[in-house]
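Paired with chain B in one complex and with chain C in the other, chain A is shared by the two complexes that follow.
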Partner chain A sequence: MAHETAQTPYINDHRRFEGNGASASPAWMKHLRSAGIASFGELGLPGQDREDWRFTNIAPLAKQAFAVSPKRDYPELTGARLERYTIQKDEHRFVFVNGHFSPSLSAVNFSANVEVFNLASAEARDNADVQRHCARHADMRTNAFAALNTAFLSDGLFVQIPEGITIDTPIHVLNVSVQTDDEPARASYPRLIVTAEKHSSATVIESFISMSARASFTNAVTEIVLAANSSIDYVKIQNEHVGAFHMHTVSGEQHAESRLNMFSLAMGGAISRSEISVALEGEKADVNVNGLYMADGTQLTDHHTFIHHKVPECTSHELFKGILDGSARAVYTGKVYVDAIAQKTDSKQTNRNLMLSETASVDTQPQLEIFADDVKCTHGATVGGMNETLVFYLKSRGIGGATARGIVTIGFAAEVTEKIDHAASRSMVDALVVSQLRKKLGNEIPEIVHSGKHDEKE
Partner chain B sequence: MLEIKNLHASVNGKEILKGINLTVNAGEVHAVMGPNGSGKSTLAQVLAGHPAYEVTAGEVIYDGVDLLSLQPEARAQAGIFLAFQYPVEIPGVSNSYFLKTGLNEIRKSKGLEELDAMQFLKLLKQKMQIVEMDPSFINRPVNEGYSGGEKKRNEILQMAVLEPRLAILDETDSGLDIDALQIVAEGVNKLKTPENASIVVTHYQRLLNYIVPDVVHVLVNGRIVKSGGKELALELEEKGYDFIKDEIAAAEVA
Partner chain C sequence: MQEMEELVNKEYKYGFVTDIESDSIPAGLSEDVVRLISEKKGEPPFMLEWRLKAYRHWLTMKEPNWENVTYPPIDYQSMVYYSAPKAPKTINSLDEVDPKLRETYEKLGISLTEQKRMSGVAVDAVFDSVSVATTFKESLSKVGIIFCSFSDAVKEHPELIKKYLGSVVPSTDNYFAALNSAVFSDGSFCYIPKGVRCPMELSTYFRINALNTGQFERTLIVAEEGAYVSYLEGCTAPMRDENQLHAAVVELVAAKDAEIKYSTVQNWYAGDKDGKGGIYNFVTKRGKCAGDNAKISWTQVETGSSITWKYPSVILLGDNSVGEFYSVAVVNNRQQADTGTKMIHIGRNTKSTIISKGISAGRGHNTYRGLVKVGPNAANARNYTQCDSMLLGNQCSANTFPYIEVKNTSSSVEHEASTSKIGEDQLFYCKQRGITGENAISMIVNGFAKAVFKNLPMEFAVEAQKLLGVSLEGSVG
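Then we have the complex of A and B:
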């Protein structure tokens, strides 16, 4: 018998899972699952000896065992309770409960001929597009959490925007984590695949929330593939309970002249990590990866981004901002990698951190690896307190104390939330930021307003 | 109302104000002129309480109180207003919220009742009309993306809303077109009562055609080297700072 390690419970859980109802899956899916568990077994849960996990200690996650959630009903989970997570009334809403699709809580109404499959459905089994893209993009050979997610692949969502089609109404995938008090600690493995065909465009929002305060583990994978000239706005809202563990692998692949505008809001979770990698495969592709993390107490929040410029004339812009309080820790590691042939790359990477307490800390590492010689690449990071010039301006108008600090913090956050093009998503993110700050600094904190740059998308 | 005595101030260990003496009485308008880098903005910022400037000697008495002992927000609540030479941008925060909060903080400190949203909006619209600002600025983030002139106008709007007792205008006229200049002047003149006073920092005599000063001061190298009536401004415009070069030389040597 092999010796027990932190990954043993997951390997045992996988064996039970294959032995139970998962046998209904098609062969290709089973095949992916065995590849996933094999890779996870080799990689193991990452320790801090791994370069890309140097600042992120997942011991609190590793010392508990989280078993995959079975598909079951939670009568207390009603549409009314999920109402407040709605981004936009008429959104195409796909609700996943602990990783399982819930048709009764979802509301979908596509007028265009969009290919949408629940991965657990019979139709998905034989679909060539699903097979071609599902679990083919996120790298499970080096990423243990992507491998672990694949080991439990059975449910999830596949969306394909057909050529030339623009979906105006946003697609909202709401991932709900819920457990009753008598259940063992649960893991869920959400998977979302979005492919945009040539000249298509859509807005996709992925929310992560939890309904119970107990420790839970969400290990999600999102794969986004953009064909030539397509455009995707992707907004991630992570607002799980502070007891939650959250690992999310986001993998993007972009072809010529496509445009991907991503935003990641990280507010909840005891430990949360978003690992975002984008491969620029076609010339003149443009990617924006922006985000805001807010952490307090003993939360640990981590963003890890990797932009790979593989061809000439692509642009990538990254702005991540953090607001840290209490004894919270944040990690930002951003790598931009420019291949030798990727001439005329234009890349900018910025990380700014606002420290609201002396005991909060941040490890920030923007990195550039450039093998081409004709490029424009910049990067920078700052860690600091309040902007004193701004504080003085406010004080000179009679505004001091917590209100002044709140206004400065709002200003800091607004500079990055304004990069969300989709109006309703931006409002949701703004509202979450404001409500979080009001808890800290009082109800004087104002709503966020933006200058009218975005009017064309409202 | 305001008495500045032998004021010395430095920034990062470098002395900028080297003994300023200036008395402003209620009802007066004082103009401060002087070459670039002579310390005009520093004086304005020190009066408003900017923490970067260290007062190394002297005192400032405002309405009988030691002004320098007050926090900047307390100075604002006591009726001091500084229109910034370089107003800062506050993304995400609307002009109306910003001004309403400021006004209500000032009212609270005076024991007055706070204005509610409706009352404030009515007041704001009135004041915006006076300074001829488009209502779209009500909900725009403070100064973000405004043109240079719009920022200056927004400073005057703030002044009009907050109704200070002592207004300090730091080059509010630079970057303004002629119409805006008149509006700014009007804003200052409207405020002019026997109880109030203003200090107007400017490079141009032009503004002083509209805001007629009681006293004009020339600030050179951290000192006031000459004071006079409004004709001093005309003379400066005509002859430059050269004609007071003896005074300047004296200031330079010391």
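Then we have the complex of A and C:
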């Protein structure tokens, strides 16, 4: 089996990793790591014979061996170079370089009593909250990449918003992937844990960028736990280099009347996959999982979502849109699972794809598994080319063909970006979308203007 | 709700075993059994070769396990692969048919004489694996239509069989298709020549009778250029405690401008309240729109079988060809259904429509699984899919697994699905106007499934609506 051999470098790398620098970690972390590597050893790198991976061939990733990045300084990496990734000037910025916290590049200024520190810090060592949540939510028994991340667990960010506290300034976790030319191909294993206590709220942005144009492997895990009546806005911006491999497991757990509003932008990466699962554990919890993927060339972009309605009266809404050009491939698999007791569930799942080239392709599977009878669950998927009627309309008003196509494409994207509640994040995502389109269709393409937010029609 | 109880516990109406001497071979499967079947049927050598090739390939295959159904492992060596009623050797008229057999048909309400005289439907009645009587054969042959049992076709029209057998579902296609190809007992063959519009609805009633006999039917329908045929398949099976495997293969070939309409009402024994007994219905059904402007339409009403596992598919090869799939699947008690369709768009301007209505009650599990695949050359392909589920009770499930693969830009694929229950307000409204709960449920469910029923031929539509009433447990209220 090719996959048997593909995982061997990681197992060997883990042995080396445990042998040197990582030995200073606390016992609970070491314990998690050995559980992680054991599970990864059993699962192996997933092949296309697994239903979950049918359309996502990770052979190009499996072909190369990526060794875990050591903690080191990169003199060329300066605050000034990271400036343009800033979402909001006064944001609480946590910069992780290849998965390791960089205090010098970060800028943190909390006034409220927020429990926030990196996992390699002294504060995390004996912290009961960290131990309660770290690697407890992302399923490493079935998810090989979550297991692999756990096997190399040594740093990451832990954020706990205390009861009743609202943090207005966004928390921005900037994951930078960087390698010098003389380094071997590097893997980084970022981890973010966000827990919101009762009646608290915050906005968390997680960005993934590459500072070098070499193949690298980012395998991230994000765990978000919302206590009753809490609210989290989570925005993920993945804009790594087109040669990068990006695997991200996002795991959410929501308690009664909590609200989670997620957005995932996927633009970079040769192969990128976000596996988002949310468990609705408390009644009247509400989750929105939205996303936009843009791919060109030979990029493969993949979103897997799993929403588990475990209790009555929860709502979940998903809207994923894709813009595909070149020979790009997109995969969307969404599953909504409704337990027998989860009556009065209200769920909607939509996937729309805009194909800009004859050679692009899409595999979409919006799935429902329903065991309760009093529910409202709908899903829909569309795949289609440019709406030429709209293009004609714009052309008839004197707008050039390329610009007209750009405007229609922007309109397509704006429908989903407007679901980002946090204004600065929305502007950042919009700007990225526009600049990507301007590269192809010219600078006359206008900025995205949202004409007031409105709820999606049922 | 007592009425509901009665409705639920309604005995399987068609549960009886006809005591006719059958010609069976010992249980078990081997190359010798395949040879024996072929020999008993007096088949030409090419047929035996084809069977053996399929059998040898089957040995190399593994039983699939990706489906969303569970059942105990099937012991393929404990089954009898051939069983034929000992009927007179040749039949010239209906009077020569075994009276007991005739009686069975009377009970089923498909009296051959009645059918012949009244309804204008030609019935090729399959009684356990061998076709014993074919009606209307003469009037069909006048316009050049061949409608006969598969065994007869092998002997009388070997050139057609050689040309089309396995052309849509190859013997190596999947585990159950390979098994069927090796041991298929009989089935129906239908050939509509160029430009002929079949003057009547063709129909085959399947019936599983002898104990422990897996039924391996094979149907092949070929519509030549400009031809049209509407084919009905309906089935009932006697009550039985042991699970019976039914692994049929249906192949449809539609040439240029031809149209085939294939309708099924499936009401095999579903097992008792605890899921004991019942038929395993693992079927491969596929049609090929081989020529331009061809059309294939599948309509199915699935109410029986303990496990239904089938995906009537259309390969849209010819330009402008059309594929349709209309389905109502009902599961109750411990029934499981994993059914849907595959629409493979290869030609340009091809169109497909999928309407699926799943109804789950009791502890039933209903899964819609469908594939819409648009190839790179299928310019301007269109697909519209709608799959709705209705749940009655909270111990059942409704699952939807659509697969959409699109490889060009000029196509448009739309998928919509919803899940709902019978609203208490809907029920209240009906009851308040003097309609009993049972009738109200039946009415609402029939309304839910109407989009599919309207595609059935009239006599089937009536039967289907009655079946729905019988099959459903109204645990709402």
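Everything that follows uses one rule, which is that the second predicted complex is superposed on the first by the 446 of 458 C-alpha atoms of A that agree within 3 Å, B and C clash if a C-alpha of one lies under 4 Å from a C-alpha of the other, contacts with A are read in each partner's own complex, and residues count from 1 in each chain.
Operating definition for what follows: contacts are C-beta pairs under 8 Å (C-beta built on N, C-alpha and C of every residue); 3 or more make two chains touch, one makes a residue touch a chain.
Bear in mind the structure is a predicted one, so any value in this text is a computation, not a measurement.
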| item | value |
| --- | --- |
| Which of chain B and chain C A:446 touches, first, second, both or neither | first |
| Which superposed partner A:355 touches (first chain B, second chain C, both, neither) | second |
| Contacts of A:340 with chain B and chain C, given as first, second, both or neither | second |
| Contacts of A:44 with chain B and chain C, given as first, second, both or neither | neither |
| Touched partner set for A:368, first chain B, second chain C, both or neither | second |
| Which of chain B and chain C A:326 touches, first, second, both or neither | neither |
| Contacts of A:414 with chain B and chain C, given as first, second, both or neither | first |
| Common interface positions of chain A, toward chain B and toward chain C | none |
| List of chain B residues in touch with chain A within their complex | 48-52, 71-73, 75-77, 81-82, 84, 87-88, 90-94, 97-99, 101-103, 105-106, 109, 139-141, 144-145, 158, 162 |
| Footprint of chain B on chain A - complex, ascending | 388-390, 392-401, 403-404, 407-408, 410-411, 413-415, 417-418, 444, 446-452 |
| Chain A-touching residues of chain C, taken from the complex the two chains share | 66, 374, 376, 389, 391-421, 476 |
| Chain A residues within the chain C interface of the complex | 51, 55, 340-341, 343, 353, 355-386 |
